[in-house]
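Sharing a structure below in structure tokens format, with a few things to ask.
Note that the chains are named A, B and C in the order they appear, and that numbering of residues resets to 1 at the start of each chain.
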Amino acid sequence: GTSPAPEQDGDGTEASSPDSSFIVSAVHKGVQTIQINRADKRNAITFDMYGEIVDALEAGRDSEAVRVTVLTGAGEFYSAGNDLSNFSKIDDVASMAAEAGVVLRRFVDAFIHYPKPLIAAVNGPAVGIPVTTLGLCDLVYSSNAATFHTPFAALGQSPEGCSSFLFPRILGPQRANEMLLLGRKFTARELESAGLISEVFPEDRFVECYKQRVAMLAQLPPESVQKSKWVIREPLLAQLNECNEAECRLLEERWQSEECANAIRAFFSRAKA
Amino acid sequence: GTSPAPEQDGDGTEASSPDSSFIVSAVHKGVQTIQINRADKRNAITFDMYGEIVDALEAGRDSEAVRVTVLTGAGEFYSAGNDLSNFSKIDDVASMAAEAGVVLRRFVDAFIHYPKPLIAAVNGPAVGIPVTTLGLCDLVYSSNAATFHTPFAALGQSPEGCSSFLFPRILGPQRANEMLLLGRKFTARELESAGLISEVFPEDRFVECYKQRVAMLAQLPPESVQKSKWVIREPLLAQLNECNEAECRLLEERWQSEECANAIRAFFSRAKA
Amino acid sequence: GTSPAPEQDGDGTEASSPDSSFIVSAVHKGVQTIQINRADKRNAITFDMYGEIVDALEAGRDSEAVRVTVLTGAGEFYSAGNDLSNFSKIDDVASMAAEAGVVLRRFVDAFIHYPKPLIAAVNGPAVGIPVTTLGLCDLVYSSNAATFHTPFAALGQSPEGCSSFLFPRILGPQRANEMLLLGRKFTARELESAGLISEVFPEDRFVECYKQRVAMLAQLPPESVQKSKWVIREPLLAQLNECNEAECRLLEERWQSEECANAIRAFFSRAKA
């Protein structure tokens, strides 16, 4: 599941890499767009897809043609988050937890260290890790059709994506905990007011509006933009790395807990019923 | 003023401890409610009551029956804060300051280290330390009848409850300083917008609304909830401990200052007039 | 360009120092007002004026007559920021960058360490460093006629005034980056909602309204107010000093970059056309 480095075609557009059906990366006028393209599964993310997103980010990082990177989803959902089928082989829970930990660490690490502006274009509902990683994106544009839901505790799990560090700082602990502990679903307007979303655009004009902002950013002097990002991000790296490690260790423990096994069993029972 | 460990009665309800008339602790379906029950004095807190609240928190911490803890007030006020009669024996100001410092450190310390979700249910106006400790509560629900007032400087004093660390982070320094330096009274809606309040409910439906949220939290897998709280809180412990210590040291100095003596004398003159 | 220490005249009013035409400092009833008085140039700040503002702050810091300090602008603008004529002698770009670095470090340092309440009274549009230093002011009052614009990247530059540290904390990174990376112009209402502005007042009542708040603060017990400020600020000093240093080093590099030279050349070409 590795993507080749993006190369621009003749008119500045790059076709998606043919060997990756669910993660599509294209570059146009300095903007790399990484789209989760699995609309029939609400853009839920399998272990392979986590790796492909990291590969696309590494390609964007290394490509001179890429000035800014956008993450978005195909269809109605931004992403339903972790595909729970990742956890369906519960015959060996310890090695499943170890594998998931490796996948998660690498995924979040790629967000923490991404050196160019990283923009989330949240086209629709987001659940779980696509929500928690928003704090690591430099700009977050959202359709007013989007909702934001992090039902960790209900699934016997715990926060990831550095949200345990960043969400209390961005939203204040008292609002962050309604997401991180209680799992209350938030609207786009609520999170715009709370500060996690840069700006909400109407659903029918969302793509046009966010692309205008992204195009403005891609036209600014790129060295100034990247170094400005880095003077903001660099002092937080040690804390973000520690947070990612602490969150992954806790999740590895959670994934092997009775609470999590029961919650996932219940989920699949409901799905079959 | 110590409370016995809470024990549930037959139908999951625990009566208040009989030896404590002003602090009432009861457990029902996993929810410990600690109520300040001194409505005729606007729930002002005496030195004894500070200790009884800590005792109730320690009992909640240690009880397997308790999953979440709620702090609230009886009657119209949440709490008018520190009972200034605590400072009326000003014949020996140095030992008064030392005693108050011990009481305050222990009180705030209990909030910092509380391992289960701690929820403030602010039923009405709050003044002083019941406001400043809100930053240490994981969730804050408020009636729209509540107001929030921290007139430290007018009384010759200074912030406590880790508000000097947390309020600038939650509200931004420019809004926090209107509370912490200027002592401007805030409405519930202002603090919801600013992030210190998770959600404001209408006065006539306040109890029903906040209890619904608390019940939801108490029904979630408890290990996941507690460990999620801890992965959020643990990285802040060193800074919170340092802040509590610095705030208490400054207050011990303030309590022995001319400014504070004059302000408290003026307060009691007005009260008698 | 040094100002003499402020002294009060008979009725508590101090005249501006006669040797400084663009920076006027006056003290009235405990309030020092430092006004940028160069309305015909939109209060743009020359290297000399940076130094004069620092001198006025040092005088306020050292004067017993001063309890709080207000920064404001004469005329319609708060300040258009750095006077780009500071950069017009581009024959020796290395020494220009070194000089500008010294001026900037000292200017921001005076804000970081100011021991008394520092209040920005933003009477109109603000561009660049008068915006970024707002995060270091304890209170920010703004006219609804003000706008806030930090077009660093468009000029090949990068954030200063500790905004790379403070703005993500105050506004959240996702909103801060619309200012710091994208350079989007914000309204006063947007920044009040986001937390950088303590309160917005209507243009026609702005002076009256902010002066009332400042007068309240100046009447509070001064020791309590200053020590409360310091218990808030002191734990951040190491991070603020590091941030100022990192921002200045990056700007010294930026000022010598091709991107910056091109952007400033383009600016002066437009200005002449």
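In this text, a contact is a pair of C-beta atoms (placed from the backbone, for glycine too) under 8 Å apart; a residue touches a chain by one contact, two chains touch by 3 or more.
Quick caveat, the model's predicted, so the values are computed rather than measured.
When chain A is fitted to chain B on its Cα atoms, the angle of the rotation, on a 0 to 180 scale and to the nearest 5, is 120 degrees.
Comparing the residue numbers each copy contributes, chain A and chain C share less than half of them at their mutual interface. In terms of their C-alpha centroids, the spacing between chain A and chain C amounts to 37 Å. The set of chain B residues touching two or more other chains comprises 169, 171, 193-195. Chain B contributes residues 152-159, 164-165, 168-169, 171-178, 180-183, 193-195, 239, 242-243, 246-247, 250, 253-254, 257, 259-260, 262-263 to its touches with chain C in the complex.
Per the touch definition, chain A reaches chain C in the complex via residues 117, 134-135, 137-140, 166, 169-171, 193-199, 213, 216-217, 220-221, 223-225, 227-229, 231-232, 234-235.
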